[in-house]
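In the two assemblies presented below, subunit A is common to both, partnered first by subunit B and then by subunit C.
For the complex of A and B:
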């Protein structure tokens, strides 16, 4: 059996970035993962901190970190570590030929398929929305049959956002995808991977837009982590093109994932997919191995240290019963009120952060699990991403940011 | 000013039944509903068309009425009823003496009851507990309360009946002790108005006391909460009742792709005390477990709460007891002419209740036309040629579903797809609802919100609970110029938050995961919730 230094459990953004971080530091790393995590849901922009705990928009995320409570993962890491993580990510993207833009001192506001704008920190160039704010004329491009993306919803919504009252028009592009299924953004992106798709699409758009205006698109500019399609569409239309945050499948997330997976393969990190981790072997407060099994036989994987990045309730790292929550691989304690009424607020979206969203495993400064009184539970297990307690990423818009920052720390520690 | 003969207050089964009956007898009538059809107990129940078995021992009169009406509704409401049949199941802990009493009572009430061998019961219902000691088959059925109300209105419309939803009654005008008009307010626009009339029919269900108060009359009703849960699967193909004196959580009803379990009973704060609690959900699962032992492992979809009006007769009021099942109050006895109320009853007997009170109204108006609601189907069957044509547009199992849901609107829906094949795309994959269907319903003049569309089409009622169809439904509204400006966001918010009300009490297992998906998409991704500052840089 090949000897691993580090095993990462989970293949979402946190797991992949933790693996890269550890591998770059000379560790022999193995990733075992069940699926792709929430990366296909949230997309490729890196939300670091969009809103403070009172729900006020954050202008400078770097500064706003200081005001977070001590249980927040960012506070556990400290500002310096968070910055290092982000810089490492930015450098990685650049090295992989898929540079991200933005900085930690200023949030960007990017448009969403609901016709709202949201604060985020780093984006791929296809989501660079700086030109939207300055534009006077905006064309929203939708695709016939792509039911998750309605141009007029975006127009109606943006007209309600301060500073976004512009001259909007909607163009509907006809695709020749005809496989009898309803379309998703991923289908359209694959169509645009082809030269015939590009020609058909860009001609239709160029026909309807005024040069030097701005085009809003669903996330469809190809499936590859590069900007060739962005360049082509901007050249064909003489306009700035911006991809909008949409419904899953989030193609921008797939691109980010693909870039990270490419990087991992260069680092000789093996990725075992569809691996169901059944249990861990624990000895003297350490983990010595994990056991996976699907329908066939069980397999044991051993390593010196482990990074747990299995996600929260969505990713499957946490599970809940009525009034109790558990962590699935190591059965680590997940503090939660016994009264289910205290888990959530009356409104799903409009009464602040949700208590249940902050449930998770509590950790020490090195991101190792601790119990209710702060005692270390496992010496060589490090936790990254949504398995951690202390933050509601949907409310504060911090999902990918916390994932990267904690993955970096875990990757350095492991 | 608007003028009519009769104004009916309340768009539940009873109200719409009265609207249909009056319209068919040629009496001009307008029904006023404060929200949407079936907003109250007519949708917030277990969706069971009783065979009468449940009441056979305790209330033979009600049992007989149920038995008769059950047969009537299968005929006139074919598209609202799924003739599942039902089992009554006795467990070892249930009194065997009750079993023989019950069988005899069913026979007396005219309920066809047939003993089923345990082998057969387990073969047909494999999830049913092995502990069952006796099983009987009765003609219970599943009934869709939303559709029942809507199809009554569609039928009434053909005879000139009208329905105004989102219309609240804020006053009942009188002259010389005679009702002359109702004062109304549109809940959406806030506009007020008057409808002149000779008769006001108070069929407001749990709100019957409040409506009576507007007329200066007192009716003693107290609303009682009943909570139910919907499981994400159809784990029983028949209605399963516990063979014991009626109690909590002893009815399972399969409905489309889900199973409902109910109910609880506790005093309600208000008629619209509609927020279920986790304690109620856990109690339902605990009480329901003896019939289906694996119940705690089944995936929950949501919980919901309705209120039933409990009536305490006021001995001084002049009331006429038609049956122990429901009560008709003619307030002429209290000095107010032209005002009648109907209290209590069950959805299964709503048509009979409507017939009885319509008889009372017609007597006042000297209208002699006979009631025909038990003979004429509410909506005509779809032309087989149209069904055949529709099969090329709808997903395999979707044609029958859509045809039953839409009734007379089905032809328009098929036409939409014929004109633009893109409209066959599924807005709601969970419940197989096409864009064409959603558009047809959205254009109806009584459709205002996305929840209205949900009730008429089932969009958003399935596993994802509105997550995927939410944005798509909104897109359809905006594309059809049915939503504009700030209203667009509110439509989606209302749609998603109304789903949350039923998920919040069951926030564990798969549903907490589902909610995190919803929040991930609309909160983290689309930013439905975050403030946008005046200066975004």
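For the complex of A and C:
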């Protein structure tokens, strides 16, 4: 159908959650997307705010929101809306049988595949940071052939993290996957989806872990958005199982996306994949339609309002040229220093925030695009996620958090 | 000038394609789309290094659909496959799997005899030696091809015309789908033209690396359609693989004169009818159709970037009970699932879809692609229909 109430451009976490929010308010929603979004290979935990603007770790994100600059998306929304968005997301996950844990008042520190701990706010039950913190004995389970997950590295790393000096051991599980291409966590997760994989893996672990200790695994506990495998492994080993943050394809994000896409079909949200949005058709300050272009021809899709969730430079929503950056679909202004030298710090791993990371489109309180002096540009276009200016999600650890909060707001507005 | 110079460097190795490739999920033997597509492409500049795991790519397009950077991974794989097999001796299996149009021309005139011949155990044994699975029944030749039925059929003439590109499967195995298309068009005051000189779209040839032969088919089809397209008459298909070839793959893989014009005028039949609806020209005199239906979206339809037009169209039939399966790829991918070496992979890929369909327990499975219909009906035991067939039933108020 070419006539819709709301068209969402972009199928990442922001696009999916905005579409679900709008659909739950009875809107006829169409999502137009190219690619599966960073969520599909990402970590799947929701970082609301991990570090403050000075780079210090945040204990209580709710309080830390107040210290953010006023052009940060969280400040534009206000703390109350951010909390409401989080509650909606938590309720959605619970309703889908894949509950998330955590709240805005307290960050959790979850283990990573490099033996560090990373601040996040909401996590699936398989990443229960508290039980790791409380554990005295931890067994790190690695899988033979699985790249980028080495028990020794994790143990050495965690031992240097304050509060994580525990009794560690490493167990290496043999999978029957031994031929063909390299192993990824997703391959192991698929192996564990099978009964034979579960049996082989759990027995290997069970007889070399002390009961009531904690097992640390890569994100391999199945590919479905449910906790059946978590229950099975904890039952089989009589231990608490915890997945670490992994490298792409990180299965925890794959599961979250699968859950959200399942929601779409329940809410009759239409999805058009492989649709490259070239531009929009504008009529006196309003968007009347968007134009997709494939190799055969262009097509126009109309709606009353639009949610732009095409992401930043990675998602393709923003593009960088020499000394200027552009927003791809609506050609909205993206303020950036003319001198490219001022875009970033010389050292790649600079301890502070990189200027280019905050590039994006500036918006009003309803997330509608405005120009440099605050003039409203489009009254029926609402922006969510990394297309927005004013935050550096890598530095702040706020990517999924801003995506959720702004998606919720845009979904309520559209 | 070939329209698309493919730059593998736009790939940032994010692994989205590996995560969503159905073949990679089913077998370890396949090195994966990222490795074989953009990664290996960087080393193919010079001599070709043969990587036989490339044979496992089913050209189902899930990698292109999932890629956030717009890398045409399947195209890189198909070009590499063509390069790899160029002037090399080919197996009988590879020839048979990609030249069903020629085999059908020979076998179809005596359909009953051919079907009997194909079905008996001795032939099945021989075919198995050739490499064709015996655990799946091959499609049966129709007694009368679509083209012969169409030529014998007296259409009502209308000023508005459409061209129908039937494709091999509909012509030789499922002519009723073609006749249903004609009936639906007539109900919408459209006259169907099927020009002489049409041939296979070339999709099976591309799949097996016979790119030069596929280009020949492309030239023949464009020659047969050229004058009609120049008059702006839309070309309709009822097979999503033929549609993808005409709309996109000619331009992605070949350099044919007039290919852009053909693509701009090619429509999936349901896409065309939905656009007629938006112009207020669709016949909405639709009678209810009883039964429970489950719709499977073919991957080659998802790759066309137009969503699910037939699902939206059928939803307009009064109180029509249809649900989307949304359970992934059926694994058949043209003739891929017929091969002994690949049949188990196809069945493993299809397992979630089989399960979803069995749980729903439909009266009919609905899908636009003949390969999907064949795989899903054989895998679940439920009959499968093309959406156009159901639309005809609704127009004619009676169900076969």
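Just so we're on the same page, the second predicted complex is superposed on the first by the 408 of 414 C-alpha atoms of A that agree within 3 Å, B and C clash if a C-alpha of one lies under 4 Å from a C-alpha of the other, contacts with A are read in each partner's own complex, and residues count from 1 in each chain.
The definition used in the following text is that contacts are C-beta pairs under 8 Å (C-beta built on N, C-alpha and C of every residue); 3 or more make two chains touch, one makes a residue touch a chain.
All figures in this text were calculated on a predicted structure; none of them were measured in a lab.
Trainee: Determine, for the superposed arrangement built on subunit A, whether subunit B and subunit C clash or fit.
Mentor: On the shared subunit A, the partners fit.
Trainee: By the touch definition at the top of the document, which applies to A:248: first (subunit B), second (subunit C), both, or neither?
Mentor: A:248: touches subunit B and subunit C.
Trainee: Quick check for you: in the superposed arrangement, does A:68 touch first (subunit B), second (subunit C), both or neither?
Mentor: A:68 contacts neither subunit B nor subunit C.
Trainee: Counting only touches as set out at the top, which of subunit B and subunit C does A:314 meet: first, second, both, neither?
Mentor: Touch status of A:314: both partners.
Trainee: Which partner chains sit in contact with A:41 here, subunit B, subunit C, both or neither? Use first/second/both/neither.
Mentor: Touch partners of A:41: subunit B and subunit C.
Trainee: Which partner chains sit in contact with A:399 here, subunit B, subunit C, both or neither? Use first/second/both/neither.
Mentor: In the superposition, A:399 touches subunit B alone.
Trainee: Check whether A:147 is in contact with subunit B, with subunit C, with both or with neither, and answer first, second, both or neither.
Mentor: first
Trainee: Specify the partner with more touching residues on subunit A, choosing between subunit B and subunit C.
Mentor: Of subunit B and subunit C, the partner in contact with more residues of subunit A is B.
Trainee: Contact-wise, after the overlay, does A:299 reach subunit B, subunit C, both or neither (first, second, both, neither)?
Mentor: second
Trainee: In degrees, to the nearest 10, note the angle that opens at the C-alpha centre of subunit A toward the centres of subunit B and subunit C.
Mentor: 90
Trainee: Closest Cα approach between subunit B and subunit C after superposing, in Å?
Mentor: 6
Trainee: Taking the two structures together, which residues of subunit A meet both subunit B and subunit C?
Mentor: 38, 41, 248, 314, 316.
Trainee: Could you pull out which subunit A residues touch subunit C in their complex?
Mentor: On the subunit A side, the touching residues are 1-3, 30, 34-38, 40-41, 177, 179-181, 184, 186-187, 190, 248-249, 254, 261-262, 265, 270-276, 292, 294-297, 299, 314-316.
Trainee: For subunit B, which residues count as touching subunit A in their complex?
Mentor: For subunit B paired with subunit A, touching residues are 277-278, 281-282, 422, 425-427, 435, 468, 471-472, 474-476, 478-479, 483-486, 488-489, 492-493, 496-497, 500, 504-505, 507-509, 512-513, 515-537.
Trainee: Please name which positions on subunit A make contact with subunit B in the complex.
Mentor: On the subunit A side, the touching residues are 38, 41-43, 47, 50-51, 55-57, 59, 106, 109, 112-119, 133, 144-145, 147-150, 152-153, 156-157, 159-163, 182, 245-248, 250, 312-314, 316, 319-323, 340-341, 343-344, 346-350, 354, 356-357, 393-395, 397, 399.
Trainee: Looking at the complex, which residues from subunit C come into contact with subunit A?
Mentor: 3, 14-16, 18-20, 24-25, 27-32, 35, 53, 61, 64-70, 247-248, 251-252, 263-264, 266, 274, 278, 302-308, 312, 324, 326
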